[in-house]
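Handing you this structure, nothing more for now.
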Amino acid sequence: MSAPPLLEVRNLHIDMRSGQERLNVVENVSFSIGAGETFGLVGESGCGKSITALSLIGLLNRPLAVGQGEILFKGQNLLKMNGSELRRLRGNRISMIFQEPMTALNPLATVGRQIAEMFVLHQGSTWHEAERKAIAALAQVQVPAPDKRIKNYPHQMSGGMRQRVMIAIALACHPDLLIADEPTTALDVTVQAEILKLMQELCDQRGTSVLMISHDLGVIAKMCQRVGIMYAGHLVEERAVADLFRRPAHPYTHGLLASLPVLGQRKLNERKPLQEIEGIVPSIAAFPTGCRFEPRCTRASPICRDAVPGPSVLGDYSFVRCYHHG
Amino acid sequence: MASQTQPLLQIENLSVCFPVSAGLFRRSHQAVRAINNLSLSLHKNQCLSIVGESGCGKSTLALTILGLQHPTHGSISFDGKPITGAAQPGRMQRARMAQMVFQDPYASLNPRQTIHAALAGPLRLHGLRNKGEVEDRIATTLKMVGLKPEQAKRYPHEFSGGQRQRIGIARALILDPKVIVLDEPVSALDVSIRAQIINLLLDLKERLDLSYIMISHDLSVVEHMSDRVAVMYFGQIVEEGPWQSIFANPVHPYTRRLLAAIPDPFTIIRQEDITRKDMQPPPLSGFSYYPEEIGTHDVYQSPPPTEFLTVGDDHKVRFIAR
Amino acid sequence: MYKRFVLQSTLAAVLLAGVAMSASAEEPRKGGTINFVAPYGSSFGTLDNQASPATQDEFVTKAIHRRLYAWDGNANKPVLDLATDVSASADRLTYTFKLRQDAFFHNDKKMTADDIIDSYKRIMTPGKAYTGARYIGAIKGASDYSDGKAKDIAGLKKIDDFTLEITFNEPVNPAFQLMQPSTVIYPSGEADKDSFKSHPIGLGPYKFAEYIPGSRLTVEKWDKFYGADKPHADKINIMIMGEASARDVAFRNKEVDVSVLGPAQYVAYKNDPELSKNILEVAEVYTRLVGFNVDFKPFQDKRVRQAINYAIDSDLIIKRLGKDKAYRAVSWLPLSSPAFDKAAKPYPYDPEKAKALLKEAGYPDGFEFELTATQNESWGLTIVEAIIPMLDKVGIKVKAKPVEAAVLSEVVPAGDFQSFMWSLESGPDPMTAMQCFYSKTSQSACNYYKFNNKDFDKLYEAALSAPTEEQKNDLLRQANNLLQDEAPGWFFNYNKAVMAYQPWLHGLQPNSAELAIQSYEQLWVDDGAPSGR
Amino acid sequence: MIPTILAVSLLIFVIFSVIPGSFTSSLIADGKGRNDPKVVEQMNKEFGLDKPVYQRFGSYVVNLVQLDLGQSFRTRQPVTHMLLERAWPTMKLAIAAMTIAILIGVPLGFVAALKPGSLLDAATMIAAVSGLSLPQFWLGLLAMYVFALTLGWLPSFGYGDGGIRNLILPAVTLSVAPLALLARTTRAAVLDVMSADFIRTARSKGMNAYRLVTWHLMRNALVLIITTVGLQFGSLMGQAVVIEKLFSWPGLGSLLVDSVSMRDIPVVQGAILMIVLWFLIINTVVDVLYAVIDPRISHG
Amino acid sequence: MRLRFNLLFGGAICLIILTLGVFAPLFVHHDPILDANLMNAELPPNADFWFGTDSQGRDVFSRVLYGSRVSLTVGIVSQLINSCIGLLFGISAGYIGGRWDEFVSGLTNVMLSIPSLIFALAIMAILGPGLGSLLIALGLTNWSWTCRIARSSALSLKSQGYVQAAKTLGYSDIRIMITQILPNMIGPILVIGTLGMGDAILAEAALSYLGLGIRPPFPSWGSMLTDARELIAVAPWAAIFPGIAIFLTVLGLNLFGDGLRDYLDPHMRTRKA
């Protein structure tokens, strides 16, 4: 990638503040997304990937807040923007899709209105115009009979349909960046496949960059060019997808890939146990001081306990935070 | 496989219907057929997986096997003795036949009970009065699932998701049942924990000579764990057979679709794109696949008569006669 | 029966100076509106006064209706109202009334003898039970009519339009019967129309104008009223205000022209330099007492009953708790009764004597009894609370049993109590009042104490047949003193009714039947009344 | 609705047939005179009180079906007629109180919720809780002393000519509890909706606070608020009993208390039935409103 | 901040009043009932009578303190009865469902549609005034909220994994209701109960006002207030102190209940975590 990236996150820290206490939920995260690129952020629940995503468009709620760092979108620092500037960006240039299509839509408004809102908000359309555009947007996400469907309420639609509506809303203004936070986790596998395909097609068409957040390595592998692995608030490894799956550098990534049951791998009359990552994910209040994976790591040495390892560069936009990587 | 021996659990022509709540405009005698004329058998020390998507009736099937739901038609027998209908045993007897491990480790443990209480309760209920024996049994069970006996004093919220699932497994084992129903046992767990639980379950199966009925939509886990696989679609089994035959040679379009939908992280490494569509075999002559079109189904209508025909070694697929 | 009040001679001078004199000093002003209060409940029972015995409903009766007799408080006796003359037969059974010829109903109809006969017949309507039947029942043939055995009441005879002959079953003074508020005269044929219950028509000085149930009844001046140049005020609003504290605020806020005061307010008003100027006080014919049931063993012993009388410091309760808004009772008959013994002394407060009496009676350590009472600050639980510690000092434990008024008046006549506290009418007729202790009177009638004393019976029977009023009263006086010694109850006090009024209101009668119930035609307001009235 | 009314009428019939004291005994409760047993007997006959309970209930139900609530013992007027006279003042009081409660309580709760944890929020909620913690007759008495007596702004009691001046004090007193409750409910409802996922979606759309509140928050919070309003409207009738007695307000409540103490049973039964009916109607209206607001209900 | 303030402040008020009530004899030097001397009636607050005396010459301070026993008993016991009835009906209706659920829902609707004060008034009229009747009257009339909450929690809890698990482990329905469902709804029931206690104390005052309170001479705040309301111009202290006592107690209970709700509310908790 030679052109300046669309989004660049530098040394992002997110704190949780309650009273005097300050917990580092996300620490020193840096990554960038180029124009038209799909970047994946992988991690287990509580690793800070969703919080990172929310911080990008300024939607963190108390007691969470960005501690330090920079979020550069087209060269502008989002963290320095005021409310109205940020609002003009939100939904318009950067939009977001959430995990639960059940609750992410307003149950008391028609889906048509919820799509049309985008045009009213960002393109100054009249409601009448906006409604027409909403039908088109709904057609683009391959909802059949969109002119009838816009009069539906969310509860009248299936989960997959609702997620299509979410995509229609998110892509309504042709944003530069789409943040998709576990967009298919709540869906059945066959529906998931359709939704992923749809997202991929639409974003490819429009050159929209995507930040894909998921715990499912399969989804990441299918959708992304590059991927960041988060563990307990740290971005431990950032790689091109193919490199990551071929030669995982971080012991956590390594373990994760080894522990997955893989389709077609089982041999007849022989059953190998899966490789396990011992131990449990640490809780936010009890993050280890040094490398946060150290307690579960097979390669750990005393140095790992003392300080967080710095990034070891493995190539363009590729690094790993491990003293014993390889 | 061992089809000549008597199956441990035999489900025959099972149907479960739910009455539709009598709305103002809907006739009340209509019923949703959650399970429709389903037959399955589970052999000793086997893992039978039931695969399907939400709403296909797999959870209802699990509840029916455990006696938490009464069948509308058909019967289930355990070790040759019927456990449904007039002669059905009470909850207490049933408890020693089959137990269940739940999907959500957070909701499946009573937050107001210590682990010890959750495990000791059923033991006492089933007549184990001797305190020492109870403690022994709890300790061994906890050790068996990889927990320390001294952790029994704690409450569920003090455990992580993986540990809770271990507790859930311990609770299922505490009465020494023959069959365990696994309802999506790892889908709610963190990725790095799943392998631990899968290994534990497989290990326990061998050590305790257990038989599993596993409900799942995660085909990679199913492939790893199962001996037999049944694919369920709108209350019916559309394809059933030994795991290797289902995965290597899927016949029914729905099965194939399911397999195709799984995003496989390693396709990229292998640089190969297995398009199973190419291998789609035609239906047996004189038949068409049932249902012909995936995705449309009217749950209020009773389905057309279908036949479950053998297509390979112990491998059956549901067809509809032309 | 009805209430009458009697002026304490000592108070009379002071009070009359304030009220009556200012009234005579000026010529009554015509016009204006008076805001009167009906303080005995939060509604009127009914506008059909023939059906109601309640004091509260008399506020309406007084304004709208007239009876054959009226009570003249000054003379302390009933006087003719709708008749100008009456003559009795020799056997005192038949009375001939010469009726007024200037009385007009509010529908312009002139009153005749037919109206009176029809009114009395309505009160006795077969199948109905109007309260007035208690009094009209004394007329010959009334019960036959009520039972459906006769088409007319035999004792009522119309001589001509303005002459009426009434025959009674027994020799009675018809005045006491026919002055009762439930014997009001309605125009013939009107009363059973549906509209009548919500729009009554009478002969009174004021005609019905508006009624908001539960809030207020408004009457307007009736121009054809027979009273000379009366009534004065154009309009009277009778405000229903049962809540004393709300009444207090309304009075101080000058929204109402009169207020009946409870003990607490009595003190407050007396101590207020402005409010104290306009207060009216009278003694009423009610005796407040705790009655004992002799079915309860300790009360069978006279010494126990006396001990209780000795053990309670009645004067202190009256002074401090009752705020002097009562007169110390000496036995049963009230101060105003002609048979009241002015020389008699109440029981002194003597707890030692009480203890001694209890010891004699075999209760050295006292005993416990239950006292049934309603929530009332003057003759209910408030007083009970005060005697509890007093009786406790002589070893008697009192358990208060609070009940509702409707329950008290059910359990007491039924004998379902150990002791009760009540305020009971004890006048104006001493004979009637003393009947309640006659052994032949049943408990359900009014001998709630099951009082049975041969000496008392002898005195009572002698009084019944006493040839002169004086002798009768003398005998009753002896009987009354005997009652005090026998102590069938603890005689607590006689009520002192107190009414505060606004300075612009004149013509209040300190001598009306019941203080709060005034003859509206005599009231008038001066220019000092708030504007808009 | 009809089973509820039948159950209620059975319940109150049973309760008031075992209640001690009777209409005839209440007639001498003021100590004036004594009951003539003959008149009492005649009265019991006239009112049918001499018949056994089941017979009375039978004829009560038969009459009820014909919308006949019987005749008052006291006034001998049809109960329906008496109730209708009293219903309007009570409705006026309840509606006025509810209007005050809604107009003040809802915005108050809203403002408090927009800045949770702020001083304004704390002050509002403490005030609301305080409002819920006062005995109503006590509050009414204080209001009377302050606004009528000390300040002389308003008449202290009564119905007056039915105008608004007499309505203010009782309505305000009656409104305090529902106002406080509404403020709390609104606050909770708004906070609840604000934490909902779709609000996050709306914010991610780039919506400003005003549009967020007007387009997405209000309607959703309204669903919760309306429930409270409906239930409060019903229970207001109970609380009105105390207020009506205190302020000499000629409503159903004071009629009810009077009739209970006079044991005028037909009126008591009628009044309770009327209150129940009122409650049911209000809640039906609330259900309809729900359906209007919330498509999930109207579409089954 | 608010979260803890409510809980602590409300709890502190309740605790103080409870302590004062339970240990009333230690704090007062006048008997609240028998130590009545009419010569001392209506004294303003002074060194001997801290809150003054009432019209009977009794120490208002000691009556307020002893009155807390009555008010708290009324609050706690009537609410216990309410909770028991509500839980019994609510849990069984939610868990068993079907006809029984319909019946209970109907009953709850009936109870809800008759204003509870009127219902209590009728029950008091039948039983006659007194503490026992008060407890029964208030205990029988206010359970519909508890019942509703219990029913809906039971309905949602019964599909929880651990309830299903208990069934498969052979637990009987009654055992499940007691050991699995009941403990998990204690939180909201406790909140309802705490708030209900305040309502019961206010209802006691209202019933006293309507003439159907506790049996005198035992002091209750409601009856003290009712008795003293006429004295407000003469001896305001006799009315003000019990009024403040009611206000503070109910305020304390309401704050505590609110705090408890906030504390137990998963929303608040997740927002914090």
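Note that the chains are named A, B, C, D and E in the order they appear, and that numbering of residues resets to 1 at the start of each chain.
One rule holds for everything that comes next: a residue touches a chain if its C-beta (ideal position, glycine included) is under 8 Å from a C-beta of that chain, and two chains touch if they have at least 3 such contacts.
In this text the structure is predicted, and so the values were computed from the model without any measurement.
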| item | value |
| --- | --- |
| Neighbouring chains shared between chain C and chain E, ordered by label | D |
| Chain pair showing more contacts of the two, A-B and C-D | C-D |
| Chain centre separation (chain C, chain D; CA means) in Å | 37 |
| Whole-Å separation of chain centres (CA-atom averages), chain B against chain E | 49 |
| Centroid spacing, where centroids are CA-atom means, of chain A and chain D in whole angstrom | 53 |
| CA centroid of chain B to CA centroid of chain C, Å | 87 |
| In chain E, residues with contacts to at least two other chains | 125, 128, 211, 229, 232, 271 |
| For chain D, residues that touch 2 or more chains besides their own | 20-21, 141, 145, 245, 257, 261 |
| Residues of chain A touching at least two other chains | none |
| Contact footprint of chain E on chain C as seen in their complex | 244-245, 248, 262, 264-265, 267-268, 313, 316-317, 319-321, 374-375, 377, 381-382, 384-386, 388-389, 392, 399-404, 407 |
| Touching residues (chain side chain A, partner chain D) in the complex | 57, 59, 83-84, 87-92, 95-96, 98, 100, 103-109, 117-118, 121-122, 153, 155-156, 166, 169 |
| Complex interface listing, chain E residues touching chain C | 33-36, 38-39, 41, 55-57, 125, 128-130, 211-213, 215-217, 227, 229-234 |
| Chain A contact footprint on chain B (complex, rising order) | 53-54, 160, 162-163, 190-196, 198-199, 202-203, 217, 219-221, 223-224, 243-244, 247, 257-269, 274 |
| Partner chain E, residues of chain B touching it in the complex | 63, 66-68, 90-92, 94-95, 98-100, 102-104, 107-113, 118, 121-122, 125-126, 168, 171-172, 174-175 |
